[in-house]
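For reference, the structure I am asking about is given below.
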Amino acid sequence: MDVSMVKWIPWISLLSAAICGVLCFRRAWGVWAAPVTITAIAASFVVAMLAAPSGLLRDDDGRIADALGKSPHDIGQTVKAIDWINLNERDALMDDGSPPATLEEARGLADQHQSARIIESGEAGYSVRVPGLSANFSYYIDPLTLLMLFVVCGIGSLVAIYGAGYMKGDKGYARFFAAVSIFIFAMTSMVMGDNLVLLFLGWEMVGLASYLLIGYYFKKPSAAAAARKAFIVNRIGDLGFALGIFLTYMRYDTVVISEVLAMATSPEHVADWRDYWIPFLLMLGALGKSAQIPLYVWLPDAMEGPTPVSALIHAATMVTSGVYMIARLHPLFENSPYALPTVATIGGVTAFFAATIATSQFDLKKIYAYSTVSQLGYMFLGVGMGVRYAIFGGLFHLLTHAFFKALLFLTSGNVMHGTHGQLDIRKLSGLRHLMPFTCWLMLAGCLSLAAFPLTAGFFSKDAILVGVFEQGLAETDPNRWYVVLGVLGLVTAFLTPFYAFRAWFRVFMGPEKYEMGTEAHGDEEEHAHPSGADSHLIDEDHHAHDDKPHEASWLMLAPLFVLALGALFVGIIGYKPVKELVEGSTAVISTGKESLISADLNLTLIIQIASGIIATLGILTAAYFHWLNRQAGQNLADRLAGPIRVLENKYWVDEIYDLAIVKPLRLLGWIFQLVDTLLVGGLVKLFGWLPRLLGQLARPSQSGVLHGYGLSMLAGVALLVLLILLAAR
Amino acid sequence: MTLMGEKLATIGPEMVLSVGALLCLFLGLARSARVRHATPLIAGVSLVLCIVGPMAWSAARPAAPGEIALVLGLAATPMAAFLKITIASIGLLLLLVSYRTPDQLPQNIEIERSGAAFDPGQTTRGEFFAFFLMSLAGAMLCAGADGLVWLFLALELTSLPTYIMLVTTRQSTLAREATVKYFFLGALAVAMFLYGFTLIYGATGVTQLYTTPVTEGLATVQSVVAEWRQEGQPLPLMLLVGMGLAILGISFKIAAVPMHLYTADVYQGATTPMTAFLAFVPKTAGFASLVLLLGTLGWPLPEPIAAMLWIMAVLTMTVGNVLGLMQTSVKRALAYSSIAHSGYMLVGLLAGSAAMEAGQPVVASGIAGILFYLVAYGVANLASFGVLGCLKRQGEEAETYQDISGLHHRHPWLAAIMLISLLSLIGLPPLVGFLGKIYLFAPAFFTGEPAMIWLVVIALINSAISAVYYLRIAAAIYFGQPSEEVERDEQTARMTGSGIAATAAVVLGLGAGALGLTDMLAKAADQPGKVLIQPADTDGDEAASEDRSNIPSATAGRN
Amino acid sequence: MNAPTLMALLIILPALSAVLIWTCAHRSGLAWAWSMISTTLIFALSLVLFVWSWRTGADGERLINSAGDFFHTQGVAWVDNLGLRFSMGMDSITMWLVMLTTFLMPLVVLGSRSAVESRHREFFGWLMLLQAAMIGTFIARDLIFFYVCFEFTLIPLFFLIGVFGSTDRLKAARVFFLYTFTGSMLTFAGLLYVAWYSAGITGSWTFDIATLTESAQTMSTSQQGMVLLALLAGFAVKVPLFPVHTWLPLAHTEAPTAGSVILAGVLLKLGTYGLIRFALPMVPEAAVDFAPYIGVFAVIGILYTALICWVQKDIKKLIAYSSVSHLGFCVLGIFAIAGNQHLGQSGAVLYMVNHGLATGALFLCVGMIYERFHTREMRQYGGIAAVMPVWSFFFVFFCLASVGLPGLNGFVGEFLTTMGTFLSRETLGIGYAVAAAFGMILGAIYILYMVGKIIFGPLKLPESNGHGPDDQHGHHAKPRDLNSREITTLVPLAAACLFLGLYPTPMLRSLDRSVEQLVEPARQVLVERSRNDEHADTALVQIDARKLEEGTDR
Amino acid sequence: MSTPLSGMLLSHFLMTGAILFGLGLIGFVTRRNLIIMFLCTELMFQGVVISLVSLSLHHGNFEGQTFVIFVLTIAAAEAALALGLVVLLYRGRKTLDGTAWALLRG
């Protein structure tokens, strides 16, 4: 399949979104939404897997060529679909507004502009063409894109299939799939976008899809609030992203990524203050989208959405777009001395910070949400390095995390499904017999998340940590700060299995005990059919399982098996291909191949052993406190009541934000409202009253008395004549 | 014969009107009711003659150069011609509006109903139309006057009949009170400008303003002043004070501060058609006189006079508008608006025609502004008072906001007429009032003086203020609840009159150019004193520039 | 039939139908039907013009005559010795704004089918007249013709608000009229001044915009400043720019739906159109000098009104304030004058059209629920999505277009204006862009806040489902969702939003030349200044060098 | 007319005229009786007339004196009007007090 076929990928999903939109109109039509969407995503996946590889640069033995030192134009292909914002090229003019007359002048002028072309135009002299703003629906396909398409469309298809079962009977069935389709459109546009503005389009539109899906159960005020919060927090990040785009355009006169990267990595490029700031602005966007400190607060709340959404958008794909963006624009980040360290630091700290919170949450999905934040922190840590292995690690972790976290969420969806929305791990216990498949599937996910040796998570996380230590212990110019981050990563690697298995042991092990939920999924039907509550959640056999947790349908389980296989084995089978992909992508065009530390220190092995032990320790700890001896866990918790309270309340970050930012702004709004009506409006009123005041003053002159009039007239005449006399002097 | 014809053309309209007035006066005493009822017809015919006659005359015999069109100190200037046609045309509409005014007087109604024998002591039909015509004739004479004496007489001829009309057309204490104020304060004003005229005469030694009737080479006020100014002498104080007093006295007619105090009371006290008359005719006469008087000084005006006029302009427009805001009576509000509009026109008077003389286009001439604005204000004013005159509340004249509330529901056409006139008064495009504003304010820029530009800004702010009360009227008409007690006075003629005026406001706004009005204006706005005496060998335009340099020697008349 | 005739028809036809409606359409349905036909016809005519203009050039490059218009006619004389002509012209800016107007009008009429209960004739008559005036404003190439139409828009809207508005309509109508009228009076003075100045230079009195623009550029800096202030007095009020915006919320809340739609959709653009058409090319020096200050007001407006939006309780008021905030971007874009690009100005024109579509549609949506529930209070609504999913879909859609979601039309304008601001180092610069970008966040906050209150949450319907057609069912009855007429009203708008969001390039390209022409004088000013600065700099350097030498000598 | 009036003599005449005019003015605003008020305006007219005549003598032409004739004529006409008016007013109100007429105001 020709590489140009990839341009259809986003539009397939948009078409599907439109069809689903139409299907929304009749409830009966709604059932067709799932097949349409699944077909669309699967088709995208097929097209991507068939068409995209043919556009990649390969070396002689058919492997993907290493990107080091190559131009982005070579390692990837640009495929244009349609114009979006496409302003013509224009002629640059001299300072006095004239075109350059001589070649010297033209050269001088061209030097002032990035990517300017000098064109000889006959007798008229020379013209210097500088690009206009060209931000089209045009796609850049390099190995990184391929990787991302694999994740997005692959996981997307699986989750969509799961969703078809999970959402069955829901009134908003078609609406759900319409939003999912929009999401896939946006996400594919984003990962394929050849320019920053298209990237931004995808960036914001995934935000929209996320907004629509978090707020899917729109009747729940908490869902509405969470959706709003997600969108707004993301917007804060987007503000930085947008400004970053502006600054990039200011610097490079283009927003086309390949051109920007080509210029940024060219040897003649001399970084100036703009290069210094660009990554920081872009980073702001990444922090928002990938839920890093300080903009992570929206993600835990986002779990209000249907579970497939949490799996797809808020775990596997959308939230990783920050990682993708940093990887894609890595050369830009390298141009600024403090940008990458900042990314790494934020990532490391977030990973630890979120993990601590995750250890003391009771809501299953919340635990996974904080876990996602934490794992994203790892990825940031990875791509925040200047070494290849770490970047690879970050992106590899992106892939493995997509598998195991999607799996975890979907299995927790099963739990939720089976227990009518009960997610509190304190109220569930020993469900392994009632939900056997779910139990073992989730175990696979937990193991991978815990980075248990030989699972997928193990390889990817280790790659990150190796990279970190590599940079920290580098022979030349070592930066000890990275050692600190690495240690932080290792500590987190202990916390991760602990919280993961804490939940698993609680829910599936131990004595069988459960409290059914009260249906957390909104009350869609209640209004129309008061007796038919919950009916949408459960299949036909709803009544049989009314008060007992039950296993999910096969439609839902089938994709989980695929995910579980991925979570367990993608680390082994995916290691090489992914490494090849990453090393052939723009992320590493300016990052050297050779290791920074001496070969005799087998860092990889050390880290792997260490982290394997740490993971096992973490699992064992969790097993002791939350399975074998829950009383001990309780005792420990009682003893640590203070710190746990802090953790349970998530360090009160939400409250602090509310108090420090939201409340003051809103107060300001009220104040401005007052100012507007009283001061600004009052000022206008004052002007309105001025004539009236004058009128009131002038009124006595119209006393109605003849003599008064005569006198006034005379006085007036006298004054004016006096004026003439004075003026004539 | 030719000479005679020209002379007739000079004073023809006034003569026609006088004859008409006499006819009305006499026929109004006729025994037959039918004959008595013919008086308005006679008035109408004579007004039509005033419009058609001169037009036909000039069409038949284009003014040949070298002819003296000057009769006894009256000059047939283009401005006079323009004003005469304007006065006659709007006079015709005024006639339509006030056609049945005498019929509505209680005593007349009683007599007509009872079929009692005609008693000249009781009824006033003929007089009304006679005075109507005389007053118009006076205004026309003002426009053509070329001497202080004529000016004085013409102004008096304009006002004296209005006193009588005012008091006889409404059987109400209010009308009497209005008359008292109007008459006595008017007399005061007359004395004032008369004294001013005296001082002007004292300073210059002549009473002719621009031309001399008998011998070429005699001095006129204009020539004397021009000589002084040419020699760089300061103008004598006597002249300035005289001019000041004259302006102030005449500003009674135009209702400018400080001589405006009577305006609202009189307009309110008068019967509504009469108010329309008062708001237009004396004002036109006054402005014509002011233009002629100030023309002798030449623009730019001497500093003291300009300063005085500037202050007067600002005060007039501001006082008019801010007091208009405070009113509960529509009639009174419109009266104040009349004051304000005089203020606007004073801007044109201040700007004058200096720039135009320097070769600038017509729009540079404040005189053109005034002339056009008189038309614009005339039609809008007439329409608004006309509509008001069509309404009665329990037999009394409607005048409060309450009375016109919801007019739209009951009489949409009246409401529409009122709306158009109000919008034209605000100066909203594309109505004639808007064009008037361009004509009036653009010249101010041509003076190039910051003070004048500020004056324009003040004027425009003032028109924004005026919009407040105009809109209040419009809002009452269109948004208010109709009052059951108010009914329409079945007066087709009055409605027609205001309807035509409103139509004119639209048509002239859009088609002033197409109808040739602005070409007439261009001619009329040529320097005021200029008569039809043209050197034999030049045509109009070149003569315009030469004529001014040809100022006759001023010393001849003095010793 | 040629282009000038068509242009004239665009103005005459609506005026004529207004007269027809007033005089002939005595049955209520007839007035509506006739306005429907006439607006559709006018849209078709403008479409013809549009297609013609598109065919006059290849690849986005249009044939442009000296006046910068691809259609131009001297028209008939109005008043010769005032130099007034009904001259008309169309460049792409005009074209797009006219298209916006003619596109919105049929939809407004369609949407107003059941909006008025009585006085149909008046309602539709005024609407038609308003259309004539709006089109005239954009199409006029004679300054006074422009001003006439500009001012004339006040009258129809005054009546639309005053007669058909809600409770406080009298005050709203009056405040609206007086506020904008006062401002434009000063503008009038400024225009006369320019005409006078031009007469002094060219020796002939004319109001031809091209001529005036050319001669006005030679004014001294202080003169230009005065003229710019005068222009701002009228146009800034119309936009409305902070702090002269207070009339807008009132007018919007009280106006009937059609009035609000047109007000937000087109009338506000008269202000920005005036700024870009007159302020930039006529007084370029002043525009450059004042740009930072105007920018400050625009930015304050963006942020300040955005925060105010957040605490509004009235839906319409919120959207009204949001207009103030949005048009702040527009003004910012217009004054983002830079030496090497005009993204800001192009974006501003785009923004005008896009804001017209999105906000107009939002007002239509609000009108639709107002017709059902007779309240605009946000707290009386909740979870509407449950009972009116179609309406909710459109409402959310337009809200998203309004907050500038990429892919919908709002984004492109917002992005380009902010980008233009960012890049215009000479006048505005990064600080302004950053501040304005905060407005984008706040915009999301208040709009989503509103959406959250109305669409999301447990179902809550206003108590008094009072007088609507649903009354017979009692207030518990499910309110009916949009009927096909209402959907028909909204679908074209949504389609336009989507299309312009996904494929704005043709529009952008077509705007390029026209905008460039308007910005060129200001750019020249910048170029000249930078050259002078260079001289000054070199001089300074020389002086410094000399001082240094002297210093070393000692 | 051989010796034109000028210098001190002229100013005496003019002064007289002015004083008459002034007296009229003062009378107009101080007296309440309508007839007396009217007489005061006549007084002002006479002041004007005296000034005109003396100025006419000063300038040595007849224009001023011609003017006087017309002024007197008009004054007579006004007087006729005034008296008619006064009668009418007295009939209605039974008073000639000028300040009694103050219904219209504001």
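Each chain carries a letter (A, B, C and D) given by its place in the written order, and its residues are counted from 1.
We adopt the following convention: a residue touches a chain if its C-beta (ideal position, glycine included) is under 8 Å from a C-beta of that chain, and two chains touch if they have at least 3 such contacts.
Quantities reported herein were computed from a predicted structural model and do not represent experimental measurements.
Centrality by C-alpha centroid: the chain sitting nearest the overall protein C-alpha mean is C.
If you tally contacting C-beta pairs for each pair of chains, A-C comes out on top.
Taking the mean of the C-alpha atoms as each chain's centre, subunit A and subunit B sit 77 Å apart.
Averaging Cα coordinates per chain places subunit C and subunit D 65 Å apart.
The geometric centre of subunit A is 35 Å away from that of subunit C, both derived from CA atoms. Centre-to-centre spacing of subunit B and subunit D amounts to 26 Å, using the average Cα coordinate of each chain. The multi-chain contact residues of subunit D, meaning those touching 2 or more other chains, are 25, 28, 98, 101-106.
Residue positions 180-181, 184, 188, 264-265, 326, 468 of subunit B are each in touch with at least two other chains. Multi-chain contact residues of subunit A, defined as those touching 2 or more other chains: 699, 702, 704, 706, 710.
By the contact rule set out at the top, the touching chain pairs are A-B, A-C, A-D, B-C, B-D.
Of all residues in subunit C, those touching subunit A in their complex are 60, 178-179, 242-247, 304-305, 307-312, 340-341, 343, 346, 383, 385-387, 389-390, 393, 400, 405-407, 411-412, 415-416, 418-419, 422-423, 430, 433-434, 437-438, 440-442, 444-445, 448-449, 451-452, 455-459, 502-506, 508-509, 512, 523-524, 527, 530-531, 534. Considering their complex, residues 360-364, 423, 426, 428-430, 434-435, 437-439, 441-442, 445-446, 453, 456-457, 460-461, 463-464, 467-468, 471-472, 474-475, 478-479, 510, 512-514, 518-519, 521-522 of subunit B touch subunit C.
Those residues of subunit A whose C-beta lies close enough to touch subunit B in the complex are 691-692, 694-696, 698-699, 701-702, 704, 706, 709-710, 712-713, 715-717, 719-721, 723-728.
The residues of subunit B lying in touch with subunit D in their complex are 148-149, 152-153, 156, 160, 163-164, 167, 173-174, 176-181, 183-184, 187-188, 190-191, 194-195, 197-199, 201-202, 205-208, 264-266, 268-269, 326-327, 332, 557-559. Considering their complex, residues 180-181, 184-185, 188-189, 192, 234-235, 237, 240-241, 244-245, 248, 257-259, 261-262, 264-265, 302-305, 307-308, 311-312, 318-319, 321-326, 465, 468 of subunit B touch subunit A.
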